[in-house]
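Okay, so subunit A shows up in both of these, paired with subunit B first and subunit C after.
Let's turn to the complex of A and B:
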């Protein structure tokens, strides 16, 4: 009985406590820089697309909301012909970002994705691609990967030794 | 003015005020609960979020009004009406002020008890007609809870009746000119309060609804305005019990300086807020605990209260 009266009194005293609510539309909440919100595709420091259309993000995605089509440009660089994310299915788990070998796909601290029409939540590549490098400013996949493209032969990447000449190794 | 016309005006005013107040209570309850839980509650629609009720009503009217195919259709539709009818009828005997009372009878309290017993049918029938096991469990709990709490609800009021010497609510208020009955009848007041909470199925006695165990208890299958009627019916019940407590134990419209209607409104509002505070602070007991308190503690206490009051009234030789 006493405990009931005491808890009534204590709850009544909460009248004078400050309120913890963040009044959202008027008062924006703090979102950490690594918050997992709207997804973007970033570019490398040269301004080219980072995505190499490896499909790893699409495979990693637990709800299968990424789809893309790989193709190759005249320089021998792979890129996605189209790239589509269905945000009405995305659960913002960030697994695509973890899977991506080139830091192309990144989650950003933007949560305001409300739409009246569900179809508007399907983002195409031109909606996803941004102008800058996003979270990893200096990283340039094609300059560190040992893949041959038009203006860069094998062994010419940063911190990469030239390939061994197999014939010199013959006895 | 023509007395019949006057009566009709009084009826309309009371009906309008009571219905609107209980709709507004939805807003009040959400704001107060939020206040006691360090939140804001609805504060977007209109000033202080007051128009939230209107928004809710519009929403509820546009909801699909679904009758499950396995339900007993006529009873299912009729059940929510019963609770509104019984509670609204009870307001007929409440004396808000000496002028503002729809009908004055010498069996007002008995009428209230009868109507509140009829109110149980609403819930039991709703549960039975829904043909759903959770509803049925809720209805079963409602039936046993209300039957056992009704027993001592009647007994707890008898002390006041003895002191006032009448079942008429107006006579009871007039008998409190010198001292509010809450002082000589404190035990009766506490018992009536507990029984009243159980009667309106509010927390901590909301076992028929018990949304954490029974989905939504007796109204699991209800949607749209039929659900709205149960909802408003519950708030009407809260207004009714609060008004009755202030009439029976706190001198009704009696009070210094301010006009009578202000006093009754203030007292009723105080008890409404107390009901909401209870909801903010209390956990829900187990069903067997609820029943054993009812029969093992509250019933004997109310009998003792009755016997002692009777002895005192006799000894004073009235």
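Let's turn to the complex of A and C:
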């Protein structure tokens, strides 16, 4: 008897407490920039694709939901011919981002990935590639790596000496 | 001998060095410049360990393990703090100028430098000064060059120039600027350049064909298979991704290829991805041809096979199982050889010779010979890996000399310095100059008949009981004397010949030499080379000669001709094949479009080597099983399965009984006692380790839930493989499978192919559990091909008597030339010629004459001349080949408009208009 009255009293009290319910989607919660949501592919400061198709994100992925195929432009700059993430398998662990040596693949604070049709959760490169640098401005892998691309010859990367002259007799 | 490493005792071979001893006992010790096949030079300083004078020596001293011989009770420590610090310092130094490009480096994920850097614990760059850089060179369509990655271990130049005898590659410059490359950019000339991909511990040399469809090692679905491009049967690992074949790497087999492959074997794989592939069945209708579904193809096939007299044309490039299934379908009396009658006779002669003994030798035995005679065979172009082996054979003399002076064999530089240019005897008798001539003691250029006479003369000198050669010219007699003396003096003579010269007399002469040596009690390494992957196994199935099939077709007796994996227009003159294929119905099973499939009424898509299972028999008489790398897409399946399906539709007992590969293998083994042992070539489909199949995919295979998601987001079940103990998944046996089922070399901390050390019984020894394959021709002679030694050690010589068919000397004719086949590593072989990279290196069709004959003809090099023979004629540019004897002309084997005519043949050559 006492416990029934006590319960009724508590329910009554709840009517005067502030509400916890957030009126999503009218009211958006704050998600930090480093929140692990929808995955994107970013571009370097020059506006070129950052992804060099090294396959490290794919191999780091614990659910194996990333697949891609590497190809090269005529000057030796490597990029993915196609890049696919199956978000219906993705667990948003962020290991792909950690593995990425070029800051290309990044997780964003976008969590609105609901779909009625699971097939629509398969994202191709055109769905993933964004226009900017994402969370990491400034970094450009090709300016650091010692390989040759269209507008950068050997010896022109950061901290590189000019290419050795094989014909000189001087030491 | 006992040594102590890190306070643990190990029993090791005193001929090893400390590095080999440690690696062979499963210890991890980083290294770069040492290579199991090339020994030590102590260039990289990476394998530093501490050794101690005795138990009381607490300080010890740092030595390079690869340069330290094993001494009794050697006390060493890998784990010593100072040694570890030393090794970390070395790697840090090597990494100073290494570019920041692992993500875009093709070696990444299977890089020995990555592995060793991780092993030593170096992980952060302290060097802040500019890195040295280099320009790269264009090295041809096979290899990519990225010199910035070089760590100066010198392995590439040691392999290319010292091991493989290349002349166009060297070390340039000095200090930290040493450069490995050619004097000028250009195509690497050596036929073994592809091995640099595996020899280079990092990504300086990478596979250019892989680059076009790049995939990391961890993403490849791999299976053990056997090279499809010559008869040596080198073991390879083929890798697939997204349904296309991506690359070939070496699969160590201590008896055959060891650590190295030839470029044809490594880069010829792309024929599997060719646009010429037949992907679905096709039937000729009234107007043109139309693709038909599998069920309809089987219906048509079985009704054609059941109606009227049906001939089956087998193939030396198809597996034993496929040939046997065809033989079962048409009956043994209607099973014909899909090779020219001349090749048929050669193969029959070769098989007969090998069965009578001496038994064929493995490449390993040939490598350990100390004097070699090559009779009639241009091995560099017909069986390339054998040429690399012969280059090591001639080093044995130097190695023995070194051993006498107590220089261990692995002291590579010391041994080479000691031997200088002195190498063991190698006599080469061929119709035209070969790529091994630079290390030959003497060469002899002559027509096949004269080469055979030289062989018979040598045999007669070795054993007077063998037939004498009448009318032997004095220079030839003297040469035969020198060869005979050398072989007589050798402890382990090597005799190599083959069907390449197109002469049975040459084969018999080589056999007589080998027999004479065997009779003298020598452990002769005797090797005959056939042309194709399964030539010998095919010959063992006793098909009938093709000529008779043509005769039967001409007589109008034939209703249906079934051609198995064969372009008959490469086998015989077009007229004969046209007559054969004029039969009312022609069915062709093949993987690629050929002139033969173009003539067929029904074309059945057969699986190429990477999509098929089966057994092939190499020139060594070694039966080896090869396995599907990935399940073929669409209607493609193994030829033997197509034929078994047809047998099933016809309600024949075989068709009903054959459910998987093992059933067909069993049927082959029952039908041919000589092939009975193919059962043991590899464990059957029921083989399991701890109840599990062996995974074709590495444990880090990526993209499983994504690679097919664009088609269907729900992942399909992995395909089943009913024919082997391998599975198309990454789950499976946690322990290493038998050598015949080993899909790849990979072990903890050793991601590169150098992991093979962990799979061997001893360094450079057999794989654990024995190397793959079973030898079929050993019964004839002593065990393991060592030949002719009874258990009591007496020379028992279980070889038949000599063959007495000494041909008459070659007589040049006026206005006519004997046209001999000239083999080309790139281009002569049918399948590899379809790979773009190989096709780029293949020569254009030509006819070659010696300089004097060309002058007599009045034709300049490049002039178009008309070549006419009974079998066919064509206009071809003239190539002047110095060294081609007078009276001989050469046509590229398997290339150009005259690819189908059986060589050698007499023909006229006239100036074109």
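FYI, the second predicted complex is superposed on the first by the 142 of 171 C-alpha atoms of A that agree within 3 Å, B and C clash if a C-alpha of one lies under 4 Å from a C-alpha of the other, contacts with A are read in each partner's own complex, and residues count from 1 in each chain.
Going forward, a contact is a pair of C-beta atoms (placed from the backbone, for glycine too) under 8 Å apart; a residue touches a chain by one contact, two chains touch by 3 or more.
Computed from a predicted model, the values in this text were never measured in an experiment.
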| request: Give one of first, second, both or neither to describe whether A:19 is in contact with subunit B, with subunit C, with both, or with none. | output: first
| When the two structures are overlaid on chain A, which partner does A:127 contact: first (subunit B), second (subunit C), both, or neither? | neither
| said: With both complexes overlaid on chain A, does A:63 touch subunit B (first), subunit C (second), both or neither? | reply: second
| task | Name the contact category of A:8: first (subunit B only), second (subunit C only), both, or neither. | result | first
| request: Going by the contact rule at the top, pick out the subunit A residues touching subunit C in the complex. | output: 52-56, 58-59, 61, 63-72, 78, 84-86, 88-89, 101-102, 118-119, 121-122, 124, 141, 144-148, 154-155, 157, 159-164, 166, 171
| query | Can you name the residues of subunit B that touch subunit A in the complex? | reply | 35-40, 277-278, 280-282
| query | If you look only at subunit A, which of its residues touch subunit B in the complex? | reply | 4, 7-8, 10-12, 14-15, 17-21, 23
| message | Which stretch or stretches of subunit C touch subunit A in the complex? | response | 99-104, 108-109, 128-136, 146, 148, 172-175, 177, 179, 211, 213-216, 218-219, 242, 700-707, 709-710, 712-714
